[in-house]
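Read through the structures below before going on.
The following pair of complexes shares a single chain, subunit A, combined with subunit B in the former and subunit C in the latter.
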Partner chain A sequence: MSISLRGVSKQFGLFAALDDIDLDVPGGALLALLGPSGCGKTTLLRIIAGLETPERGQVYFGGQDATLWPVRERKVGFVFQHYALFRHMTVEENVAFGLRVKPWRERPSRTEIRNKVRSLLELVQLDWAGPRFPAQLSGGQRQRIALARALAVDPQVLLLDEPFGALDTRVRHELRRWLRRLHDELHFTSVFVTHDQQEALDVADTIVVLNRGRIEQVGAPGEVFDAPVSGFVHRFLGEVNELPVRFEQGRARVGPLDLAASEGIAPGSVALVRPHELEVLSEGAGWPAVVSAVREIGAIARLELAVEGRAQGDAPLEAEISRERLANEHFKVGQNVQLRLRRWRIYPAAA
Partner chain B sequence: MAASAAAMNQSFRRPRRVLPGFGLTLGYTLVYLSLIVLVPLSAAFLRSAGMGWEGFAAAVTTPRVLASLRLSFGAAALAALINAVFGLLVAWVLVRYQFPFKRFVDALVDLPFALPTAVAGIALTALYAPNGWIGRLIEPLGLKVAFTPLGVVVAMTFIGLPFVVRTLQPVLEELDREVEQAAATLGASGWQTFVRVIAPTLWPPLLTGFALAFARGVGEYGSVIFIAGNMPLVSEITPLLIITKLEQYDYPGATALAVVMLVMSFTLMLGINALQTWAHARHGKK
Partner chain C sequence: MNAARVLGATYAADRTEPLHLRRRPRAGLNVMRLLLILVALGFLVLFIGMPLVVVFSQALSKGWHTYVAAIADPNALAAIRLTVLVAAIAVPSNLVFGVAASWAIAKFEFRGKSALITLIDLPFAVSPVISGLIYVLLFGASGWFGPWLMEHDIRIMFAVPGIVLATTFVTFPFVARELIPVMQAQGKDDEETALSLGASGWQTFWFVTLPNIRWGLLYGVLLCNARAMGEFGAVSVVSGHIRGLTNTMPLHVEILYNEYNYAAAFAVASLLALLALMTLAGKSLLEWRRPELKYGALSADRQTKRGMT
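Entry: the complex of A and B
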């Protein structure tokens, strides 16, 4: 089922949590709402679920105006960050809850409920956990139970609020893969909230970047990562080096490097360069720098680089190279190197 | 050898505690409880033991005593039950909703705690007496409160209310709203959410509140004797009967009654505690 939002706004006191949001989620999409805390992403998700009411604007479910539908009539599955399992019920009872509270005319028979619960527990690979209580399971297992519980009522829309936020890295990674597979198998429309750009890039097929209650950018993961429309999006999607842009003889420059013709570039602009886009050479022409630290992180190495003319207190530049290259080139602390920019994007100062 | 010696050494090590003083505090607890609770209570037992089993049985099975016991425990149970229902309602409203003068209403709940019981008794009697504000209105309906067993229930309900409200309030505040929201997204109605999701976690504190209100009702004296009218066989509570016997210098008789009350109260409290443990095991799993 497709979901559309038109002009949705929500205030909390004087604070505008959401400001005039328009968004279309096509049926079958797996969409991530990405943004820093306080950007309104959770509020937006809760408005779709019907757990909050927008002050202005409309929510459409499959073309029907659902703005004032109560939660229980929306037939959405909702997964909470802290699982929100019924802790006095066994895992089986938790999963069966949505079926057991149906009006008796729609309620499946006991056997049907039992079979459905069993197949859902198999789906989340926890068929052995049926008679246990949630407290006896680990965080990752609990979240899978919460997902099974949400899926029991055959929702056409699945909403997940930072579903993996409370889990450790390895479990989180596993569950991401698993959610993606599940989504591809079952073909519902999913919207999930995250503040982790890796997670959004990894799982979603559309990313919506939110900032201060407004949508900054909507696009496929590659698109949003490669062509950010604003400095905010660029910074939020990964680490960046901030390089102030100077103007000399009609050219925009960073250090001694010539970036572009300065036409259309406002004074005070900044060039953003990701660490892997900063090339480090032991000789040749470039931007002279001194290696101030070398850190080896798994398959990659990070070099901290001090360049001349950078104000004191500014973070040193960071470059990312493979461990292989580090082994070949023997970069050491104190070594003089030359920098070049492989890619960069220039943004006006305010953004 | 060395390994086993090390293992021995290990097993003799006491677990470390962050706060020391277990021995001292336990000793103090036992002495204190003996002095304050156990010694006076055993004195009652010893005193009544002097009259022999026959005399004891005769003293506590007279129709007057049996009627008073029935009234004391029956009225206290009924009052605690009423408080369990309406106390839950009051606690719910105080925790869940914002309204003007909420703090004032919240403070009102404690009034039965703070008021001298005799004052409460006089106030209730004045209200419910045939010529009082409320008594005048309900008299024509054939309902008599003052000077009847019903009056006893009213007084015990009044003094028991804060126990239920104050035990439930913190638990209600701790309830996870997301769990209720989860129930709503799964299609549960408000009523289904309350019965299936919220109520199970409320059983243990509700039982505690009930037990406290009940115990208070059984032991209540001051407010009850004003409104009850204290007619033997009808509206006379056991504590009053004990006082009456004391005033007649019938010490063995008084202590015999006291022992019966003690044993009954203790048995009931033990039962409620067991029920609570069961409810906790069943519903309160963290």
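Entry: the complex of A and C
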């Protein structure tokens, strides 16, 4: 089922949580709402679910205006960060809940319910947990039960609010993979909220970056990562080095480097370069720098680099290289090196 | 390596220095502590323990026979019946109201929410006697609705309805006050999940909300009941003290006492005291059961883990 939002706005007191949002979620998509806390991503998800009503704008489900549909009629599965399992019910009863509360005429028979619950528990690989209580399960297991419970009513839309936020890194990673597989197998439309750009890049096929209640960019993970439309998106999707653009004799320069095309670059602009886009050479021509720290982080190494003319309060430049290169080139603290920018993007000051 | 040693050294220094400065509990402090404990205990015995003992010893001072006779007296039995009747009406109404109000306050945002919370607290803030007088002013012979009520031959003042009204008013906050924090702490996630799974409002309430609040609710009802049976001030104003008709237990105790019939007064009072003790016992039982439930789940968890390894 496709979902469309048209001009959706929501106000909390004086605070505009969402400001004129237009968004199309095609049927079968796995879409991530990504943004810092307070950007309105959870509010947007809750509006899609029908847990909040927008002040202005429309929500369409498969082309039908669903703005005023109550939650229970939207046929959405909603999964909370903290699972929201009913703690006084066993796992089986939790999963069966959505089937048991159906009106008498639509309610499946006891055997049907039992079979459905069993197949769902098998799907989430927790078929042994049926008679347990939620308190007896780990966080990752609880979240899988919450998913099974949401899937029991055959939702056409699955909405997840920071679903893996409360789990530790390894479990989170496993569940991401698993959610992606589940989505590909069952073909529903999924929207999930996250503040973790890795999670969004890893799982989603479309990423919506939100900032202060507005959509900054919509695109495939590669697209938003490689071609961010604003400095905000660029900074939010990964680490960056910020290099102020200077003007000398009408030419725009970053460090000692001449940016060939200076048209369209406003004064006060900034060039953003990701750590892996900053090349470090032990000799040759470039931007002279001194290695001020070397940190080895698993498979990669990070070099902190001091360059001339950088203001006192600014963070040192960071470059990312493989551990292999570090071993070959023997970069050491205090060493003089040359820098080259492999890629950069320039944004006006305000963005 | 060097740095590690330096760090280690400063760490050790950090650890030892406060030890030198730290005050050891000295003998003088122990005496002080003992003194405070004694004062607190003495206070408890004097103001709470002794009165309880006095109630029961006075009640039985003239033997079992007098005790039973005092309670079996028709007026005493009528007072007991009335007290039970009033509680049987006031407590359920406050149960329904309290659950509805705390549900609204904890789970929804609406205009006038803080005004509602203040209103719920009002009976706690107002003296019970004033609460009783309010009803006299409203329903008494010269009150606002008095003439109309007289015309239609409806008796509220100096009759059972007035007593029920006054008691309900005074015990209004108990259930709601107990449930609001419980419900607020639990948040709305469970209810929202139930709704998204297709449950109706009623189903959500019965299957999700009510089981979550059951212990808090029981606790609130116990306290509410104790107060409903023990209320004196407000009931005294509206009851009219008609023996065998509008006397509740506390009022009956007062009348017997004023007639210098101490043994009988204390006999009836001992019933109220017993009720209070039973309430407290019930309350402790609840407090003991709640963590017990939690531990039960934990130990089951331990068992499953053992089973798996």
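Throughout what follows, the second predicted complex is superposed on the first by the 350 of 351 C-alpha atoms of A that agree within 3 Å, B and C clash if a C-alpha of one lies under 4 Å from a C-alpha of the other, contacts with A are read in each partner's own complex, and residues count from 1 in each chain.
One rule holds in what follows: a residue touches a chain if its C-beta (ideal position, glycine included) is under 8 Å from a C-beta of that chain, and two chains touch if they have at least 3 such contacts.
These figures come from a predicted structure and were not determined experimentally.
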Checklist entry - Between subunit B and subunit C, positioned on subunit A by superposition, is the outcome a clash or a fit? => result clash
Checklist entry - In the superposed arrangement, which partner chain does A:Arg132 touch: subunit B (first), subunit C (second), both, or neither? => result second
Checklist entry - Which holds for A:Gly98: it touches subunit B only (first), subunit C only (second), both, or neither? => result both
Next on the checklist: Contacts for A:Ala227 in the overlay, against subunit B (first) and subunit C (second): which applies, first, second, both or neither?
Outcome noted: neither
Checklist entry - Which partner does A:Phe78 contact after superposing on A: first (subunit B), second (subunit C), both, neither? => result both
Checklist entry - First (subunit B), second (subunit C), both or neither: which does A:Ala150 touch? => result both
Item to check | First (subunit B), second (subunit C), both or neither touched by A:Leu51 | outcome: both
Next on the checklist: Going by the contact rule set out at the top, does A:Ala266 touch subunit B (first), subunit C (second), both, or neither?
Outcome noted: neither
Next on the checklist: If I apply the document's touch criterion, which positions on subunit A are contacted by subunit B in one structure and by subunit C in the other?
Outcome noted: 49, 51, 70-72, 74-78, 80, 82, 84, 86-88, 97-98, 101-102, 133, 135, 146, 149-150, 152-153
Item to check | Parts of subunit C lying in touch with subunit A, wherever the complex brings them together | outcome: 189-190, 192-200, 203, 207-208, 211-212, 297-298, 300-301, 304
Checklist entry - Along subunit A, where are the residues that touch subunit B in the complex? => result 49, 51, 70-72, 74-78, 80, 82, 84-88, 97-98, 101-102, 133, 135, 146, 149-150, 152-153
Checklist outcome for this item: subunit A contacts subunit C in the complex at 49-51, 70-72, 74-78, 80, 82, 84, 86-88, 97-98, 101-102, 132-133, 135-136, 146, 149-150, 152-153
Item to check | In the complex, subunit B residues that touch subunit A | outcome: 176, 178-179, 181-189, 192, 196-197, 200-201, 282-286
